[in-house]
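Here the chain labels run A, B and C in written order, and each chain numbers its own residues starting at 1.
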Amino acid sequence: MTFCKRCLYGTDHPLNLTINSRGLCSGCLVHEEKDALDWEPREEILKNLLAQYRCRNGKNYDCIIPVSGGRDSHFIVHLIKNKFKMNPLLVSYNKQYNTDVGIRNLANLRIKFNCDIISKTVNPVSVKSITRETLHRIGSLYWHCLAGETVFPVQTAVNLKIPLIIWGAHQGIDQVGMFSHLDEVEMTRKYRKEHDLMGFEAEDLYGELENLNEDHLHPFYYPDDYQLQSVGVRGIYLNNYIRWDSRAQHEEMISLYKYETANITRSFDKYNDVDSYVYSDLHDILKNIKHGYSKVVDHACREIRLRRMSREEALKLVEFYSSQPPKHVDLFLKWLGMSPSGLKYLLDELHNPNIWERDDNWNWQRRLEVTEHLADNCDRLKNCVPFKPFLETPTYQSTDSTESYILIGKGNRLKKSESEERN
Amino acid sequence: MLKKRVIASLFIKNGIVVQSKNFNEYLPVGKPEIAAEAFNAWGVDEVFLMDIDSTKENRSINLDIVQKVAAKCLVPLTVGGGVINVDMVGKLLEVGADKVCINNVLGTSIKILEDGRKKFGAQCMIAAIDSTFVSGTYSVYDYRRSKSTKVPISSAIKKYIHAGAGELFLNDVDRDGSYRGYDLKLVQMVADASSVPVICCGGAGTPSDILEVLKNTSVSAAAAGNIFHFNEHSITIVKARVGKEVPLRQDTQFTYSAMPISSTGRVGRLSDCELENLLYEKIKVEKI
Amino acid sequence: MKLAIVDYGVGNIQSILNSFERLGVRSIVVANTTQKLREADGLILPGVGAFGECAEKINKNGLSDILTNLAVNKSKPILGICIGMQLMANSSDEGGYHAGLGWIPGEVVRIECDKDCSVPHVGWNDIQLNRLSPLFNGVDNGAHFYFDHSYHFQCEPKYVLATCEYGKTLNVAVSNKNFFGVQFHPEKSANPGLKMFRAYLNWISQC
């Protein structure tokens, strides 16, 4: 196992990572393109591509934008609708672990940009059955979210005959430099199966623990190749054409459209994944157990590469946030119908023996501490500025619960007077 | 009539498919069996699976990986990487490979081709030639030493065919990962000098590159690595474009033959009218 | 539906198993005993390499007698692939004269080639269907299959289901009552191969 000399990733990264002769990982290598490439002509390429997809007779939408209340959606819709003047249809898959903040952000998105939105909520009984199966089979409580989020836009594209789907950042390029920005890589079912769904599509989940059948899994089936071809479905990634910077983009959205931030349990990033009770919580614990690192490492590597964090600052933040205990486990156990001992058994089973071993007190202990990979001759980027904590917006109020998953919420922010009345 | 072929090359490092960027730098793509499954669904004619580290590490390509990939291949699978004797060839055929590609060992001895032809037949034995253009000639490249062996390609071709190679895999080291197109002069030279089918690899950037080499040279097959990972149905789209001018096999239900395709191999948008008509049309999916 | 692949030490059996697994056949064995072969609703006879070697192997331990009994006397459906198809002929002259099983009258001879083509015939070629047959039900005329052979099956037109062009016209699929033989490799021919296997399965279930 080797570590990159610049960021904190190692070659055991689940998306795979290569390290070159200079000790730099493929992710850092591709990230250098952000400063090396001239982005103006790349934006022109995007502009021309979008122009091709405008619906001239006005009877249909120009494109589909998959959205949520917790990632780059505000920025993407702002870019596509306001800057490039397209007429998008927003589609949202209900991840069910919804926080009030997430519900409010999604409502804000819909209202501020005045867009049509189609949302898909799979019945909770099916979702829970599927989640029990994926927890048991692959140690994931997030499978249905990834499956739903990546398939619903494609199903909509096929059903409503809107060929173009616009995504934000390609995770493989962003984290491990799977492709060059110049490759202009597009969405494929192949990538979804391997890297989003850990090798398991819906059809692969039949049987075993929960006796899942077509009724449960049908909502997650990918359209057939012939259907995709007939409509000419294409999913593009904006980070191939725009110099992507999640933090800067979010801060612009906070300023322009009052995107709401929140503190999440296990990272310094207050902008991403604020819509989920599980993502930076129990799900992150599972990630750490299976892969040996937490989401905060992804955030830290991103900031190191963008010269807003030194390696030392990163390691401190990673050490702190990786050790934060989850706060919302009870909510999850209640929702799923699982006992604390059942969860403990599952977590024990999932510990990756390459990463964890039992100490003398039978507690789990990492074989290789995160701090151990501080390289003496690490590769530091020039012009790096000290880390500044993320912004915190006011916590807005709405009529939605602040203590449970919200299946379907209103999300409208209460006016100041109404908010005071509530309190 | 026998058709020319479009072949997907999967180069693996540490068991993961990689694409080459510049020289000696590799970007990770993913598991070979997942790529093979997708490429099969997209109508690829053959899959080439080569382990680029095996020779350096003194071992042959891992049998488990070959077995996993073979399980997903409903088209011929050729494997290679560190294969130095006929026993290894046998083991690879046993786990599901249809042909075996021999490369580095041929610089020292061609016995494996002779033994392979006797035991398994010439059609199982593919001889690889890595070509580099140095001092005005194309010569065989040595990966271990990262330089030309100074052996002219033409003499390697004669030697390997005589020993029993059923096909030649020509890998253009200079154009690998460059997206400049195939070196047509090199490809035609090898095709002329060879009495067995030639597969060329190295340089493909767009469907036009593949069209050009299949249409304007007498090569039998064109292989590409990187570009097939960039978009959905990449291989089907390439074949739709190339197939308009060179007869190719296009047996998938979705052939893209009626879809607009850009010069860079991406599908375009149907007209508003065509899309609207689709709303009222049942798209009948074939189930076998 | 029970299938059996005849095991006589030749052929890339795994690919054939993979194909039928994709088609949802749960019960498929690789066997060479009377009992197992008799239990199957239909048989597959694979084969690669040289005719002489395959013929020798199939005659060993009375396997050819078992097969003849089941296929000729009990009319069990049997599909021969590549050399498996060639074995059904009366004889082959590959590497000298060798007797075949004689189930479909015909002789196996070397492909004659002029300057436009070379032997072996290797690669993707399109087939022309001669007449309606349950084996090609659902397979398009002009579909491509993967070929890899140096010898071909000559026989009377009444046994020919499909041909292809390679220098001359080659017979690529033959049948006689419950015997079917294909020169190409359906297990290496992607969708058309699967469709042909599906047609064979459908035909067996109607028998």
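Some observations on this one:
In this section, contacts are C-beta pairs under 8 Å (C-beta built on N, C-alpha and C of every residue); 3 or more make two chains touch, one makes a residue touch a chain.
Just so you know, these numbers come straight off a predicted model, no measurement behind them.
Chain pair with the highest count of contacting C-beta pairs: A-B. When every chain is reduced to the mean of its CA atoms, the largest separation from chain B belongs to A.
Closest to the protein's overall CA centre, chain by chain, comes B. With centres taken as mean Cα positions, chain C sits 52 Å from chain A.
Spacing of chain A relative to chain B, judged by their CA centroids, is 35 angstrom.
Taking each chain's centre as the mean of its C-alpha atoms, chain B lies 29 Å from chain C. In chain B, the residues that touch at least two other chains are 252-253. Chain A meets chain B in the complex at residues 11, 15-18, 20-21, 26, 29-30, 52-53, 55-57, 59-60, 160-161, 163-164, 176-180, 183-191, 193-195, 199, 224-235. Residue ranges of chain B in contact with chain A, taken from their complex: 13-14, 16, 18-19, 21, 24-31, 34-35, 37-38, 41-42, 226, 229-233, 236, 252-256, 259-260, 264, 266-270, 272-273, 275-276, 278-279, 283, 285-286.
Note for the complex: chain B touches chain C at residues 1-3, 5, 40, 43, 45, 70-71, 73-76, 93, 95-96, 98, 120-123, 166-167, 195-197, 220, 249, 251-253, 288.
Chain C makes touch with chain B in their complex at residues 12, 14-15, 18-19, 22-23, 48-49, 117-118, 120-126, 138, 143-144, 146, 148, 165-166, 187-195, 198.
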